[in-house]
Amino acid sequence: MFALPALIALPFLGGLAAWLVGLRNGSARLPWLVSLLTLLLEALLLLGVTGMTGGSGWRGHFAMPWIPLFGIDFRLDMDGLSLVMLWLNLAIAVPVLLTSSREIKERPGLYHFLTLATIAGINGVFLSTDLFLFFFFWELMLLPMFGVLLIWGGEHRARATLKFFIFTQGSGLLMLLSILALVFVHVQETGQLTFNYFALAGTGAMSRAAFPIMLGFLIAFAVKLPIVPFHAWAPEVYAEAPNGGTILLAGILGKTGAFGLIRFVFELFPAASAQIAPVVMAFAVVGILYCGWLAVAQDDMKRLVAYSSLSHLGYVVLGIFSGTRVGMEGAVVMMVAHGLSTSAIFLITGFIEERTGTRDMRRLGGLWPAMPQLSAFAMFFACALLGLPGIGDFVGEFLTLLATWHVNHVMAFFAAAGSVLSSIYALTWMLRVFYGPPVFAGEAPLGRPVAGVMWTLGAATVLLLVIGFFPQPLLDLSAPAAPQQIVSLAGGAR
Amino acid sequence: MSISLLLYGLVAICATAMVITRTAAVHALLYMVVALLALACVFDTLGAPFAALLEVIVYAGAIMVLFVFVVMMLNIGSPAEQREKSWLSGGIWVVPSLLALGLLVTLLIGLRSGAVPAIVQGAAPIGPREVGLALYGPYILTVELSSFLLLAGLVSAFHIGRRIGGAGIAPLHPDGVHVGVNEHRGVDR
Amino acid sequence: MNPNDPGAALAIAVVLFVLGLLGVMVRRNLLFMLISVEIMLNAAGLAFIAAGTRYHMADGQVMFLMILAYAAAEAAVGLAIVLRMHAAGRATLDADTGNRLKG
Amino acid sequence: MTALLPLVILCPLAVSIILLLSRGAMPARATCGLVALGMGLCAAIAVTEAVTFLTGPASTGALHVVLWNWMHVGGFGAQFALTLDRLSLVMMLVVSVVGFLILLYACAYMIDDPDIARFFTYMTLFVASMELLVLSSDLLGVYVGWEGVGVCSYLLVGFWYHERPNALAARKAFVVTRIGDALFLVGLLLLATGVGRLDIGSVLAIAPMAPRPAIALGCFLILGGAAAKSAMVPLQTWLPDAMAGPTPVSALIHAATMVTAGVYLIARLHAMFLLVPGIMFLCAVIGFITLLLAAGAAMVQTDIKRVLAYSTMSQLGYMYLALGCGAWQAAIFHLVTHAIFKALLFMGAGSIILRVHHEQDIFRMGGLRKSMPVVFYAFLAGAAALAGLPLISAGYFSKEMILTSAYNVAPLFWLGGVFGAFLTSIYIFRCVFITFWGHERTHPHGRTTIVEFVPLVILAVLAIVAGWVQTPEVIAPMHLFSTLLAPVFGPLPEEHGGGMLLLIGSIVPIIGVSIAWALYKPRHKAPVPLETPWTRTLRADWGFDALYDVLFVKPYFALARLNRGDAVIGFFGAVAWVTRTGGAMFAHMQSGQVRRYAGWIAAGTVLALCLAV
Amino acid sequence: MDSFSFLPNAVLVLCAGSLVQMAAIAIRRNVAQDAVLGLVVLLASLAVILAPTALVLTGTLPLFAPDAWASYTAALVILSAIAIHIMSWRNSVLSDTSVGSEYYLLLTLATLGGVVMSSAIHDVSFFIGLEILSLAMFGLIAFRNARIDAGEAAMKYLVLSGLSSAMLLMGFALTFAETGSLRFLAPVATNAPEPLLASMGVILVLTGMFFKLSAVPFHLWLADVLEGTSIPVAALVAVLSKIGLFAAMVRYFSSINLYVSGPQVDEIVAVAVLSMIGGNLLAVAQTNIKRMLAGSSIAHIGYLLVAFLSPGPFSFASAAFYLAAYAIATLGIFAIIAGVMPQGSYISDWYGMFRRKPVAAFAMSVMLLSLAGIPPSVGFFAKFYIVAAGISAHRVILLLVLIAGSTISLFYYLRLILVMILPRPSDSEAHRQMPPITTPWVGNRALIALLAVATILLGVFPSRLVQSGRQLLDVPPPPGPSASP
């Protein structure tokens, strides 16, 4: 019963504990242990939750009134999609916190708190089925992120944070507008004031105002994901954030946008989103090509990966807006795989930055002999980026392309052409950083590999391979449950 | 009677126009007194003798005198007049005049199209008695509250004027930026 | 024109009001600004009295009294400020130059 | 016996993983031993499987091994499954056996390289991918292998990553083939949409019923993928550069196996291609053009490996010509013989290169006949096979088979093919004469080891005799190969004009060799490469590289560079600028002048009053 | 006339209190004693608001409404005054024993003005309340004797306030001329086809109101005044006076159908749009923290006008909630500035505040986030409420502007937080020494803590406040008891 709220509360409380512990004695060790313990508990909890099965695709449920005057509940529901995203969240959280001790020298307790709070907020986003609550978490998960960005970010962090803040919050307000519009349309039609997702699903599907309302949601999610014309914040933020923050951002925070697209845009407004789907898909294709193209020109490693990430997210959007089951599940697989691979790559770039002191590829080169293991991992993840079959990304890419082909051949063709561009930038990255004559000469001047990083990368490798070769369980799990499936249940609960 | 009203009004308007165009403050104040007296006549013509009296006593008698005092205290001489003249020349009139004209035209249009007034024919003027009854009848609370208005004005004026004698003004930093230390000193004294 | 028609008086009030406004907008001397404000308040008072005449109500004159009280208080405070600014080094009473609060 | 089939893939894969996990800690000899063991096992299993299959009950059909269900979503399903039929059997044998021999050779070749473990990691991974490619019964599985070999090719071309050109060549190889891969992928999308699954059997079964334009498009896309992989015009530019890798890599990947994957794929889907003659014709034309262009380019190369690379392209052109003409058996037959003799040639070249201090310019070699006799004879055998010297070479029979079929489709193709053969015999013997005859310009050092000899000798023997399994009717009624593949491709079609064609085809190579001898026979003066604008253009791949550079590569990078800051970000920057300017404007409104403020108040009021009026 | 009027208890207490304060000053000057007295008066007036009984005077005009809206806004005004009172104590400007006492007296008078305004239902009472507040504010603004800025600010405010008061009065006069009634907006009730003169009068009245609310384009004085005056007085200008005036404005227009597009409604819409855009743009360009807050304040007035323009189930409740949220956050910011760095008027003075005063910086961030409307602060729910009101009234364009404005506003709110987190850049403005950092006195600390906690708690659990607000304001405030004009 309380498993779902616990999923949200646990990281938050754990983070708080880590902070307090860190305040008491300034060492980094204790907060680290506390947050590790938190993650462990979270994993156990999640394991327990995974066992939950409900009929009709919704696996867990929790509800209590919050602001009854507005019909706002504290309502959480979990379906397979949320479950997958929760696991992904946890999987991303591990490297973020595990590697923090290397990077975060200053106020580690606070860092752990902010990170875990972000994770709690993200969990909330994945679980909430009250639109107000969703929006609440939606905004809430960003706040600690701003802190992370601002306190531990790079040289131009102020600018980057401002951008991030303005883009996400501004678009969030648009979504708020849409949520309220939806609610009031519902009120007009049924006379019932409620923010309940299930209750609103019917209204969203039917209303004539569905299109503009859907647009508000769409833009908010498009900014968060981001889809191309709204991506202007992303490269800079990815580049300026501390590595843990970048991993969190690229690995899971952006995925909330995709999750929202599925859960809210597509499930709430099937007709309206089908109407706009060609446009969004066109943008996605443009994004795939455009960002893939720009990635190659970047000198900053993190910016390169950022652009590659943007390019890949285009496939997610394609899959979602293809409107087919294949595309939807492909998008989910893509999200998971992309989360893992991008996180791993950011981990690698972070490690390189730590060792060489720079991310500028003009000052890097020939790292392979100096860090052979890391380079091997880099090669693997570069392959993941360029969509090598057998790695998880390919499954997602293929399924989304397949779904796109169903809808529009030309788009699918150009999206597939994106794989050429991805191979160009991925290999250019390899070329500029790991190949060529060594810039940092010497036997092993860059120090020994770090077991934690290597194990994390290894785990990511294994996971990606498993997804690549055995995606079926994930596919089965990740099908989003339709909101209509629970209408009767919701009626009972209210 | 209507002629006289218009006449008085014309005087008031002309005098007011003189007020806002004079360069010497004293001249302006004198024209202002003229305007106020003309207005008092207007009031009387309108059947408000009490208001007319107050206009003369309070406005012309008290407020204007206050202004005159201040002008005397400030001792504004002929260089000031020259300066005023230079300030009032040229394009400075253009935009304000246009705005004023706009306001005038729109308000006059509003006045013209006003609903037919409910005129009480041949009514007696509203003398001090009626006003007094109103003031101390239905408006008693207003009168009480206006005393607090005056109190607020009094305290404010008293407070603002109080420090003139003292050297309470902190010197300015050359570049116009206040330095915190100065402020402290100014305060702590 | 009907002698009791307050329309004419209202028109006079409006003209005076606009003149006062013009004064505020045109003059740079603080003292003249205050005078102009007085003109405007006075015009409003005239309008009240005229309107009161139209309905033969004392309310207009009561309102005029209130305005009078406010005008007096405001003039007092305003002149106090003028004096203080003068004492503080603003010799010219110019409201335009020497502004430190802007932007 | 079906249980053994996955082991063909698993053995090299296991070796690869073990080597990967060893992190280079294993001694070089142990590494070689492990590789030899693994690959030997692989080859042995392959042979066993082949024998059992051919003797088994299903010898004319196919053997399916379903490994696991890969994905099943909506209406689409894909499996990891292996199919052994006679075509994949041939391919499996080529990959396993030739692969085994080349890896054996590589053990000797690479023994001194400190990164030998990494090398064999890639190599064995490549073999595993290639086996998957040829054995998979699902096109998506084929695609897995397809990309796998591509990545391995990339890794191996850039194996010596210290030098930037190598890395650049590796990237180029991958990206150019990736263009084809993308086409292939789109083709898969098309098929998957139409069929619902990518199982080759189902695809072929449904293809005849599908609308013709769709099939044509699908075939075109797959042809595109195959052409890029096989370095056909217009996507041929990567192969010469790919010679930057170690020579065994060139032997295995860029001669024997990977580049022929396209041939295999088209042969595998021949039933579909047969439905669209237009695409078949296109395929033939592509092959035709490539074989001539590449042969022309090979004429003027100075780098021994580039000579071989262009010859590979040329020979692949023959195969595509054959495919386009519907001569499936001929194409596969040439594939097999080419695998043998080209691997042989590359290994010979490798041995030379190894001993002449990694010198690859043939004009700096010379006179190696005496110092490296075994290599010389082996290379000679390979050259003979490549040139198609009549009767004594494997290449002769396969090439004749192709030419005969081409003649039956269009005599022009035949003519071109013969001309190509003429050029081939000239350039390869130019290479032989310059390298092995004349004065010694670089003295070889060291010795060629026995481990190198064994594969060389085996392949040399095969290069001479292997052709006899399939001979023209005129010479001998030997049809072993076509019979073997008959269950897949059907019986060999009736051929016309055999004798005359055969005669011409047999004479032309001899003329070519004679001309080469006339031109490049040992003289006092050391031979120098011909330097004219024409030859330079030819040497640089007919200018394709430069053209692509100007047309695509440079603009791509330069424009991206130009837009590095991202115009979209710039747009939002402009929005921010507008905001700031607006802010400044509003701040400017606050001039601090009271009368201005009063003016604004009046203006607002007047405007509102105008609204009312 | 057998009419009657309520006299709100708070007005009575404040009147009596100010007299007592004055007497106390006359007897013996002691700042501490006068300050405590002022606080007692304010607290007493707050207490009596809740009293169920109210004084009723017969035979007088109905000047005050005894309804929930009046009580609520009056309470808000008094609470703001208490907060200002607390943050004023030990303010360096006011510590001067010779003048400090008057400050508290003027504060009480200003509160009186605000309370009178908030419950006024008659032109006269509104005017009187407004002018009590204005006159008290002249004195308060000029209170910083030590600086010429204060005088300049007071002068500007005085002239413009006089101008706008004249406009307001002219407007009252014109409507009076047209309708013969000084009751709030009787014209609508009496004249069915809206007479031009009356609507012009209303427009003039609006000018006066917008000036006091500092809505664009009548806003220009606000930044100058806030910058020129001391921090507590700035808080008073930005919060207290606006609450009172907004309350009166709501009541003034309560009988107009704001759905119907007329000249007044059009003007309000235009002004709302301009305020939301202009205020935020203005704030973006500022380097002075008080001027920035002025811009923010202007923008918030714009948001409030959106609620004002959205009649329906949420209109007044949302405006009431927003007023509270705005007051809490703005007062909190001013309290922090007053307590931590009274002279830190430049944004760049706040660099590294998170290191130097972490708690204060955190509280400041909470307030700023609340103003920006980001959860879990109360500002978020307030904005949500307003958007809900707007949506229910189909004010989509206004809401889009609101969103655009809010998006712009994020820039400057976050910039301040950012500045507080970042260390001070070494190169820029190195020549300027940082103003000293002080430790707020315990009352101010308690005030800051209370406001910060309220910001978060009300943000997470707005239910109770909304509930009570809805109960209070279920029906829009009536123009007064149904007495004949």
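To keep things simple, chains are lettered A, B, C, D and E as they appear, and every chain counts its residues starting from 1.
What we mean here is this: a contact is a pair of C-beta atoms (placed from the backbone, for glycine too) under 8 Å apart; a residue touches a chain by one contact, two chains touch by 3 or more.
By chain, with names taken from UniProt: A = NADH-quinone oxidoreductase subunit M; B = NADH-quinone oxidoreductase subunit J; C = NADH-quinone oxidoreductase subunit K; D = NADH-quinone oxidoreductase subunit L; E = NADH-quinone oxidoreductase subunit N.
Predicted model only: the values in this text are computed from it and were never measured.
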Legend entry - Set of chains adjacent to subunit A and to subunit D: E
Legend entry - Chains touching both subunit C and subunit D: B, E
Inset, instruction - Count the C-beta pairs in contact for every pair of chains, then give the pair with the highest total. - result: B-C
Legend entry - Nearest-to-centre chain - CA centroid comparison: A
Legend entry - Whole-Å separation of chain centres (CA-atom averages), subunit A against subunit B: 67
Inset, instruction - Report the inter-chain centroid distance for subunit B and subunit C in whole angstrom, where each centroid is the mean of the CA atoms. - result: 4
Legend entry - Whole-Å gap separating subunit B and subunit D, where each centre is the average of the chain's CA atoms: 97
Inset, instruction - Please report how many Å separate the Cα centroid of subunit B from that of subunit E, as a whole number. - result: 28
Legend entry - Shared interface positions of subunit D, touching two or more other chains: 587, 590, 592, 594-595, 598-599, 602-603, 605, 609, 612-613
Legend entry - Set of subunit C residues in contact with two or more other chains: 6, 10, 14, 17, 20-21, 24-28, 33-34, 45, 50, 52, 54-55, 57, 59-60, 62, 66, 70, 73-74, 77, 81-82, 84, 88-89, 95, 99-103
Inset, instruction - Would you pick out the residues of subunit A that each touch at least 2 other chains? - result: none
Inset, instruction - Please give all chain pairs that are in touch with each other. - result: A-D, A-E, B-C, B-D, B-E, C-D, C-E, D-E
Inset, instruction - Going by the contact rule at the top, pick out the subunit E residues touching subunit B in the complex. - result: 1, 3, 5, 7, 11, 15, 18, 22, 57, 59-61, 63, 92-93, 95-96, 99, 102, 105-106, 109-110, 112-113, 116, 124-125, 128-129, 131-132, 135-136, 138-140, 142-143, 145-149, 151, 154, 174, 177-178, 180, 191, 195-197, 200, 343, 432-433, 435-436
Legend entry - Complex contacts: residues of subunit D adjacent to subunit E: 579-580, 582-587, 589-590, 592, 594, 596-598, 600-601, 603-605, 608-609, 611-613
Legend entry - subunit B - residues contacting subunit C, complex: 1-2, 5-6, 9, 12-13, 16-17, 19-20, 25, 28-29, 32, 35-36, 39, 42-43, 46-48, 50-51, 54, 58-59, 62-63, 66-67, 70-71, 73-74, 76, 80, 83-84, 87-88, 92-93, 95-97, 99-101, 103-104, 107-108, 111, 114, 117-123, 126, 130-131, 133-135, 139, 142, 146, 149-150, 152-154, 156-157, 160-161, 163-164, 169, 176
Legend entry - List of subunit D residues in touch with subunit B within their complex: 595, 599, 602-603, 605-606, 609-610, 612-613
Inset, instruction - Within their complex, state which residues of subunit E touch subunit A. - result: 369, 372-376, 380, 383-384, 387-388, 391-392, 399-400, 402-403, 406-407, 410-411, 414-415, 417-418, 421-422, 462-463, 466-467, 470
